[in-house]
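The chains carry the letters A, B, C, D and E, assigned in the order they are written, with residues numbered from 1 in each.
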Amino acid sequence: MSRKAVVGGATIFAALALWYVATSVTQMISPGRFPSPADTWAAFGQITGVGYANGVLIDHVLRSVTLVTLGFLVAICTGVPLGLWMGWSRKAEALINPVFLIIRPIPPLAWIPLAILWLGLGDMAKILVIWFAAFVPSVINAYAGVRNLDKTLIEAAQMLGTPFLTFVREILLPGASPMIFTGLRLSLQASWTTLVAAELVGAMTGLGRVLNAAQQDLYPGMILVGMIVVTLCGWLMTAALGVAERRALSWNTASQAGE
Amino acid sequence: MGAIRFDNVGRIYGNKQDGFEALKGVELEIADKEFMAVVGPSGCGKTTCLRFVAGFDRPTSGMVSVDGVKVTKPGPDRAVVFQQFALMPWKTVRENIELGLRNKGVPRAERRERIDRILALMNLTGYADAFPHQLSGGMQQRVSIARAYVLDPEVLLMDEPFGALDAQTRVVMQEELVRLARRNPRTVMFITHAVEEAVYLADRVAIMARQPGRVKEIIDIRSIREAERWDDHEKIEDVMDLESFVHLRTQIWRSLRQEKAMEIA
Amino acid sequence: MGAIRFDNVGRIYGNKQDGFEALKGVELEIADKEFMAVVGPSGCGKTTCLRFVAGFDRPTSGMVSVDGVKVTKPGPDRAVVFQQFALMPWKTVRENIELGLRNKGVPRAERRERIDRILALMNLTGYADAFPHQLSGGMQQRVSIARAYVLDPEVLLMDEPFGALDAQTRVVMQEELVRLARRNPRTVMFITHAVEEAVYLADRVAIMARQPGRVKEIIDIRSIREAERWDDHEKIEDVMDLESFVHLRTQIWRSLRQEKAMEIA
Amino acid sequence: MRDMRIFDTNNTVVLGLIGFGGFLAVWTLLSLSGLIPSLFLPSPAAVVERFVYLLNHRFAGGTLVDHLGASMLRFAGGFGLAVLVGIPLGLLMGWFRLLDDIVTPLFDAVRFIAPIAWVPFAALWFGTGIGGPIMIIFAGAFPPCLINAYRGAKFADPRLIEAARMLGTPDRRMITEILLPSAVPSIIAGLRISAGLGWQSLVGAELIVASTGIGYMMVQGQGNVSTTTVMAGMIGIGIIGLVIDVVLRRVEEAILRRRGLSA
Amino acid sequence: IRVSYQPSLYWALPFHVASEKGWWTEVELEPEFVTFPAGAPQIAAAQAKDWDVGGTGSVPAILGASRFGLKTIGLTNDESRTNAIMTAKADIEAVKADPGVIKSLLVTTNSTADFTARACLEKWGIDPASVEFVNLAQAQIISAVISGNGRFAGVWAPNTYTLQERAEYDYLCSGADADAIVPGALVVREDFASQNPEAVQKFLAVYLKSIRWIKANPEEAREMLVDFYSEGGVEISDAGAKAEFELRPTFTLDEQLALMAREGGASEVDGWMTRIGEFMTSVGTIPQAPEAEGYIDPSYLQGVKENTALAEFVDAD
């Protein structure tokens, strides 16, 4: 842990130093291409002080964290069971997969008109957009987790006369859980990366809105501020997920070695 | 309740034409409450046969039935002790053993009591809350045995259950199994490599041969055991010293050795 | 080349204060080219000790060294036969065995030849291109043994290598191992539950005890073997009938049994 | 009873068709019922008609095939780069702790950012020709490649790793012969996700930086409120996505079968 | 010379006409066209040196001036009549009578439509801060309007026609109504212009010649417009095409020079752009509006005028 923190901290520090040197000291990268630390700090001052894109930073953060959390929860509550089902039942897989495959590559942006049509300009539409992107990794990883489950464990459970629900809860789910958690991580990430698209649905505030506005305004400093804040939020939520994972996978020796 | 029957059973791995013929024309009957040991060289298909009875696999020809009913799927009436333990790594020892009882709807208090008893029997007291990866191989195998025992099933299918046990535990378990089998007889199909173990435990011993896998010979132990009153002896060592025992043991051994010789020739 | 030394070795699982003390004050020396068998009740820490020598794990106190050098990491000079096979499921039998040879830089033609020889020795000819899941448990264990053998290492670490073998193969393997050990002696640490096996194979037998795991007693076999000229007998059965053999066997057995009794008391 | 057999089959193709047919039926019903105006949900027939029309007629600068072709080139570039960088890097991180400790914070620092949020920087750095779109697809497709390879390696059976170490396996071989095969199922799952996300970010990127390609065609269609065009584009993407996915899953099945994991 | 524009926009038609007529070769320019679906990426791509000259909207032009020193060297058209707040035809009179009913407005924020909408609200005496501006891309505005999720929409052409045709909407208040003039700009990268002033002049000459030709041949030009739009994926009706010509005035060389003349202080164009710049500052797009004199540079137009060969080329038929 401490080693990891030291190396990680050193890496981040090195990256920041490189950034400073490249943009500010040597001017290797012109400020038009990438903002300097000073530009970024100024943008940060603007968004925390007078505000930007309809609000100050904290408004944007609260709004987006709420949205992402909801979208993520809806996505995993639908995605994981669907993935488990498709992994378990070849019939379910054959039945659902073609539709799933066709719908999957459609970008969140393309869902926006339908989302507006079905759910208006409120939160539901934004959650729908996030859901479309975030549920796919949950499905696919849960699916792969089931497919990789040790066959003798399934046999042992069958031999013990395990009823289906118990089987799902106590064998399928924990057995697939290392992969399910991989999926959850990706789903969480997808939730954040779809935020920009989701907040195209008439958002008043939100980090996606900030990024959209900064993008329209070609405001590199503000784009970077938005990116950094999104990263911090995503990182914190992933860390929370990591804690849940460690708790859920305490039986797994490999997971303790892992991150 | 619990008579097992193999009817001209065959199993081909791969496609029917040029696949690998693991079993051919296996004929075997295990009577209700009979203890049948199965011995045979490695790879002769012992595990495969046992999996048919468990319902994990199906013969490609012939039929396997229990009480005249064709086996189609696994169930707790046919408890299995797996060669490779097959414990749920995410469940503690207690939870692993408990699952079958919960499935049967045994009430909580009784579950606890039965598990504590079996843990003590298996010399596992104190490990109830350990996870499988914290146990030694032998301990894991004992948990696996406990999981099957605790269900008190009609049919017990054991695939080299004592293979990973240490010598002393093994003897204790063998004696225990015999006691159990006498007191509360069950239909048992017991795969082992140890000929002495087979003779000591079984009513009959099926000797299998390879290429293709089949039942070569069945040796009746029970009549001799009863005639020679083996059960009067309490310790396994005493039984093993009896002339009748040694004779049977040598007979089976020779049959196996002969098989081996044939194969190498 | 290959002397193993345990110096007041301890291992605590969990944190140092209230963790589980699996080993305490283990002292053991295995001389170069000596065959040391380790017996003891299940869970006494045999595998843990072996893992120290292999370099997979480190003691929490004391030191394990080979040739006076502290063991820090695994290497092909200390080949391991695992209790649970540990074959790569995505490699064929040949590829599994080949990996170690390739790592050593053995040329292709020689590899092929050595693998073919070891496959024949292990009675696996014809299975070179099978995948592990297509093999029975015993066959998998033989592949695992072949994988270690083929490297011809200084130190051989074997964790119940014959546990999953059928009786005949086991005897063949035992005889083969003895032949190998006599012809081309290696330092061997051999964990087993079968006392006869330990006596038959080993130069010395270390008896371990539980709670905490430690070496209780070391019994010298070699002097008696040489004095009684066991090696003049070719068949294992003949050796096992010798009075000197039976005596040693009983001595170890009693030591183990006593351990058991103590523990239950 | 015999007529019912077709619904009782195990044949995946038939089941797939049934699933797809059900999907079409619901769609058709929805669009015919008038619950959703056809402006937003045209009937399947209308979409197919448009699809065929677009195959043969130029729209927004090219036929559907031209657009798909342009998009596929970009996709191949970005996705290929993501795979070539992500999988080896993920495996290396799964083996070398130091690399893991160095890369993880940097990777964490970029992976939550929407691929389309990179558009301005992509345009500033690589222009809008080839480089910019490739960078954006890369941004979308890279994380699953890396994460799944990394976690696949991390969750490799420790017993097998011990066995390989005991055999003196050097690092390079450890990665190619032990970690990689161990991680294959995870990697394939990652590739499936990555391909999907790659297409998503591609189309997102084309909305903004390109002037050819399927995404561009769709946004033009949307600007005209020509939902049939948008959906024809979706079908085009869907078909390609389907092909990629089927190939990946065939590979996975073959590998799993070899290991006896899947009947 | 690399020329950038946004396809299916009215002011890009002259590029198309010039290509069809072969005028580029007459002045020995080899244009390579780079198109962008929106202004922001277009400006960003200028920074990556993806193009040299082009046409764009006034907001991107000011943005480019402020961030990357982009020069505005001419005008494409006056878009103020096609930047508008629209609402259902049936409601128009009622709303005009009581504009206070506008509580919420779908608009692409920080755009010319936003600028226009604010101007309209101010004209009606409504504080723009009291109205909720719901930010949506133009295409989404159309979706939202058609699905009944918004009553008032701030849009620009050709989306205005789409709303007229598909949603029975009509103009409530355009930029022109509110004296908010929204010009389109011809822009050039500063370093390119200083290195290749002649090429820039030739480019302007071709554009102006096309404008003159379009004014002279409206029928033929309209057909070309329909072709040009459908090439870019926009299907415009005849009525729409007609409206484009009617609603969007273009300027000849002399008109442009007049508009950009600074003899009596700031020019007309300076005034327009400054107002838009102030709007952009007020919504936080840019920290400070750039000085009009600093980036609006009529010298290249002047150069065309003074170069007799080019001037003749512009006026020749």
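Assume contacts are C-beta pairs under 8 Å (C-beta built on N, C-alpha and C of every residue); 3 or more make two chains touch, one makes a residue touch a chain.
As the structure is a prediction and not an experimental result, all values here were calculated from the model.
Touching chain A and chain B at once is no chain at all.
Path length between chain D and chain E in the chain contact graph, taken as the least number of steps between touching chains: 1. Between chain B and chain D, the least number of touching-chain steps is 2. When C-beta pairs in contact are tallied for every pair of chains, the largest tally goes to A-D. Placing every chain at the mean of its C-alpha atoms, the farthest one from chain C is found to be E. Set against the C-alpha centre of chain B, every other chain centre is closer than that of E. Each chain gets one centre point, the mean of its Cα atoms, and the points for chain A and chain E are 39 Å apart. For this pair, chain A with chain D, the centres built from the Cα atoms lie 16 Å apart. Centroids of chain B and chain E (each the mean of its C-alpha atoms) stand 86 Å apart. Measuring from the averaged C-alpha position of chain C to that of chain D gives a distance of 50 Å. Counting partner chains per residue, chain C shows two or more touched chains at residues 84, 134. Touching two or more other chains at once are residues 40, 44, 47, 139, 143, 147 of chain E. Looking at chain D, residues 40, 119-120, 124-125, 157, 207, 222, 260-261 sit in touch with two or more other chains.
Here, these are the chain pairs in contact: A-B, A-D, A-E, B-C, C-D, D-E.
Across the complex, chain B is touched by residues 150, 152-153, 155-163, 166, 170-171, 174-175, 177, 249, 251-253 of chain A.
Of all residues in chain C, only 54-56, 73-76, 78-80, 82, 84, 86-91, 99-100, 102-104, 131, 133-134, 147, 151 touch chain D in the complex they form. Listed in rising order, the residues of chain D touching chain C in the complex are 157, 159-160, 162-170, 173, 177-178, 181, 184, 255, 258-261. Listed in rising order, the residues of chain E touching chain A in the complex are 40, 43-44, 47, 63-64, 67-68, 106, 109-111, 132, 134-137, 139-140, 143-144, 147, 149-150, 284-286. Within the complex formed with chain D, the residues of chain E that make contact are 7-8, 34-38, 40-41, 44-45, 47-50, 138-139, 142-143, 146-147, 159, 162, 166, 230-235.
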